[in-house]
């Protein structure tokens, strides 16, 4: 049990993912700034933000459900950390996953979004409700392609639903991204991750210009701090998942560590570039995009992987 | 030139009106207030001049309301001038004819206390909720009740 | 028709300290309009000003607002004047007064005021005797001069003072 | 405590509140975000909800109609909050002080921590002002 | 030796006796009912600990006794124990719920009769005895709704006709089985679904099971029923008992009575997937929360059907586990819905809001149920769904077309689960979160007898989720065809995960403590400074408007609104059409009808023999 | 139907630089009605103007709004100068034109940036604003200030542009033009922007006439009006340029008009600088000693459309009535036609499409939506709903 608790709290869970995710979110902001000809924030900005938010006053909603409002970030944190543990353990090769863990991951990855929604709704703010409604619709849209990509990977890896085994197959046969089906899958999952992270063009749940930060409108102080932490963790976890599924995992030994960092940075870079070269789309457009195009891509990827390309 | 024809036509149709070129390319047509809707309809719908705005002021002779229209083809600005006596600040609303005049009429209503008859939504709207009733910032002191 | 007002420049001073009261005005198209100020300015420039040769006021005016007309009377272009009152400071004879040389021009709509039945607001509010309605004509003996059709000014002219000396 | 303080200074999130301005100050504030001035260097960013704000940038005169709203927003902001009056308008009323709809300078309405006069103040002036406040 | 008579016939008898007690003594009846259900629960435990095997019920009438053989095996034990558990909980709830409420006549009588009949159906070895009990259930279903409100009688009629119809088809099926095998004893039957007659028998039984369980396309009675029935009836019958029995029958069909061939599997898979998706799509746009729950009651059946159809031990275990889980949370959901309805008198989601502060216990349990049904770990719904998914993926390595389509099944199942989540978010937010309506400011939490069952069910949901692998599956699901259904290895040991979640909750509060949460303040929502919070709102029913704006989807919704997919109306249309044809034969003389009826019966008999 | 969703936007909302309040009545994400309330920004400028001298009024109207801080003085100058009928020096005309066009570029860039910001496309925002900086630099070089230039005066301008500075300006302009071309390309060719803007918030020429909308809003709907050409002032009849129009009337057309107008502006600025460089000497101000009594009406084409000033003088040195009509005043009411039927996201961008700034609209006003949603909502939905209902009832009757 102590081992699990260590996994959970320190490595590769809360502490590790939080710190590294914070770094990645700094990286994202920095790249964004560079794309926009700006200098960008200092390295420790995520830390400053987090600590500052902790020190701030927290405002609870007068109506709605304050307890739920307080609890949802906590559950978001739990979900995100669990996801981090489940994904990072096999991806980093610390411990092999368990049979069927990919399916668990799908669910666990949804916990943060769901808690955002519940938290947003608990605040009783109509704008947050609009945001929540958009977020849930977004989940509806990206969930299916996300699953289909995973099945494509599962097929490619010989019907195993174990993340570590998938990585092992890749190590043996070459990374999934190297194949045609892998490329299609990669594009799809990149978009899904974009949406999961709530970044432009799929940030309509928090659309600042439309509904004042939507879901997050009422969060302040510590509540927002935890949400931030969750976002940091997700910022590491999801790219790591992509690396695991398409770039044959991350190795932590010797020179491979550099490769691993490069892989993660590459994925984050791609995400950042996408978010900086697109306007936010309408929720309906996003749904159509995922339901039609991304599903199509995912199905192509599946067909290709059945053929074995 | 077109504008001369326009002046001719207005003179013919509405002999009561008093037409004056105030300065270059600016035309002032003074009309009695009973004629307002007809002339407006003629100018806005028949001649298809572009509605600009309505100005109103509290002058010595009464409340002067000036409707500005623009003839974009020639660059002339046509102004309809209606004078309301101080003791009867009422005039027909032109909003039913000119869709866009609704705001400004209400603004005038608010600032100068002029009643627009048949206005679709003659609601009182003041700058702030706390603004006192019956106070019109643009009325001159002597006309303030 | 020949109803006029007579203004007595000296009487506008309220106290020894030099406070002036130019009365109130019913012409309220401009906020704080005191029509009498405009009248007094014209009267001052016409009857009090010494018409210096190298008029320091003209020289000092940063905006070139002061000019002499054909009669040599100083004329202030209110559209140019910024009310810096350099001219007030520089006038060696104290002709110009700072309450009057302001950036904002006041307007006196005397004609309509005279037409109306009610008494003039400026007369009621200015110091007693400073403004009176009269039908008299200009009378140099009594230092009463004609400014225009409707205004008479009572002022001791500097020419006369010099003569006295 | 010291660390928290310094974090606060290094991560100021700004909420912009226009109380009846002429846009000039507002666009100059936005200018601060843009590449030439880039306040993100100092960890500042513009946020969409007052709940996230550490700084309220108030521009414009407080009109009779905005006064209750300004107070409302101020009260909704999580404390500690820094209120900065940007431009002559909120400092004194500026050119509009004589208007009939002017409800008093900002400091009569909510407590103000920093005044940055100018009409409009240049972005440099705003940055300098904020830096001064932070290094106080 | 268990006293089976007491278990089956005593409640029926008691129910009849209860008819004699006047309605004014409703409270007394309620207490009697609770006592009976406690007793049954006790008996059920003794059944559970009894050895498996066939039991002959003692009966003095020799002719009947040959039918009264009972089959106690793992499956029926499982069903019985939960049947009795739910009977108890819902009886407890009914007591509070029906108090001071004008409602169904002789509710408790039928309630008690239902218990007995359900026990009989679950334990019956002989198919005829089974039909007897099964038929009683259809009748009490009808009786437990009638008279609740104005529209309830038409809903009751609809339910009765569909259930009754399926019952007659069941009779036909059983006849066919008898023709094929020559026996009515379940444990002696095993038919392969090849050959026309076997297939017909299979279909007949299938229709009966699916109708009872409420799967597409025989589901339409469920939403209508739950909309108009008292919540306790909805929780009792469509949500738990009927589901338990319907799926029980299906399980019997799949495991025992028939050995499925590929086409049958395919059929079941299609039915399962369609049920999941279509019903949940309908649920998504409901405005009435009871109806919304009704559609979910349908949708979840899809998972069970899918699980059972897989035919693998894992799949069947998953299907059955999901059945139990479903009964737990859906029963709970109906109870919560009933509490809300009782306290507010509102059934429209849009008119509610912000009740979480006023009814915290109901809110908590409803949230647990909602998260369970949406399959959020670590609640129970997640575990069984996850088993089903794994079952599907394993199933994918099979040779047939139906195996090859595993991605489709998986995709639809997962997608359905997300849609479920979506519609529950709407429900929870619409009812409990958001701003509360001043109209409801005086509302209080429900009485003890009502919240207790809710909380018990909620804690069972959590318990079943957390200890699924360690406690539940090994004890309850460890019988013949499914014993040893795979366990999870690795880190996902639910207890551990739960501990981790607990830790992170503690951690969250530590963070809150570090951050000065103590300095919190409560403020009205921020909507840009304008003080009109009371006016602004977001109507939850608009949540998924965007989805219905897509043309294709809009088409289906319109079709559904026009009842194109409602078998009841289709059937009615069909019969009306037939009626026109036969109206030529309409003479108005009773004997003519009798001739027709007799002819019909003769045809049926011909087929049977 | 249950509750209707009511979404408040404002008064303090990141979408709006200024306080403004819209209440969107929504059906799901679709906006079915819109009520709006203004007056937050009402500073009583028209009244303040009456207490200022003609000269001072320039600095007040400049602060009607900082974005059009030339257009208002421009129109005001046209109005006041028309009372005595002064012809201003040629050089002053060119300088005025130059500043007016520079402002157009700065304002359109600002709009592009903000529109990008509303769309969540912060890169466009940053880029547009970055490229706007050189324009502001040019302002600083010419007038000494980045905004609120205080450049105009009655009878001319207050600062000259010598040929040395003109040369520098040329360089900056070339630089800016390159960037602007880049940006135009980036925005006009982006498929996602197309998807987001095309067909959104469409206005017909009829709508434009009804509301009296002006500027790019009108020109994007094919209404070919432009004060600079129709009633030329300053040096607009002396330089060579053309009016940009588009036909579609949607947000994209408005963006297109604005983007292409920048290029025209650059053309005009070139010609002005050319003139200033070739004729380095000259008066920049005509002396106007008094403004006689009379009525002055002036208008000018601001970046957002026609600015209209009406000045009445009584021979004093301040106006006795100063009526200001800014373009947004007639453009903003068009939201009622452009937002309804779109989604909330569209409402945001359709609102932005007019490039609204309430400052000027509100110097005087406070308004509500008047055709309450009833008509709009009833016509579209209620009739359909009631028809459906009747049909259902009929069917049910039939069945029995």
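Per-chain residue numbering starts at 1, and chain names A, B, C, D, E and F are given in the order in which the chains are listed.
Rule of thumb we're sticking to: contacts are C-beta pairs under 8 Å (C-beta built on N, C-alpha and C of every residue); 3 or more make two chains touch, one makes a residue touch a chain.
Predicted model only: the values in this text are computed from it and were never measured.
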Chain D to chain F, fewest steps along touching chains: 1
Chain separated most widely from chain F, comparing mean CA positions: E
Of all other chains, the one whose Cα centre sits farthest from chain C: E
Chains most often in contact, by C-beta pairs: A-E
Chain centre separation (chain A, chain B; CA means) in Å: 61
Centre distance in Å when chain A and chain C are each reduced to the mean of their C-alpha atoms: 81
Chain centre separation (chain B, chain C; CA means) in Å: 39
Chain B-chain F separation of Cα centroids, rounded to whole Å: 24
Per-residue multi-chain contacts in chain A, two or more chains: 36-38, 54-59, 126-127, 130, 133, 208-209, 212, 217-218, 221, 283-284
Multi-partner residues of chain C (each touching 2 or more other chains): 29
Chain B: positions in contact with at least two other chains: 127-128, 137
Chain F residues within the chain D interface of the complex: 11-12, 14, 16-19, 39-45, 47-48, 51, 59-60, 63-67, 69, 110, 113, 125-126, 129-130, 132-133, 146-148, 357, 359, 366
Chain C residues within the chain F interface of the complex: 29-33, 64-65, 67, 77-80, 82, 103-107
Chain A contact footprint on chain D (complex, rising order): 3-4, 7-8, 10-11, 34-35, 38, 40-41, 43, 47-49, 51-52, 54, 76, 78-80
Chain A residues touching chain F - in the complex, by the definition given at the top: 32, 35-38, 126-127, 130, 133-134, 200-201, 203-204, 207-212, 276-285
Contact set on chain F toward chain A in their complex: 5-8, 13-15, 29, 116-124, 126-127, 130, 190, 192-193, 195-196, 343-346, 348
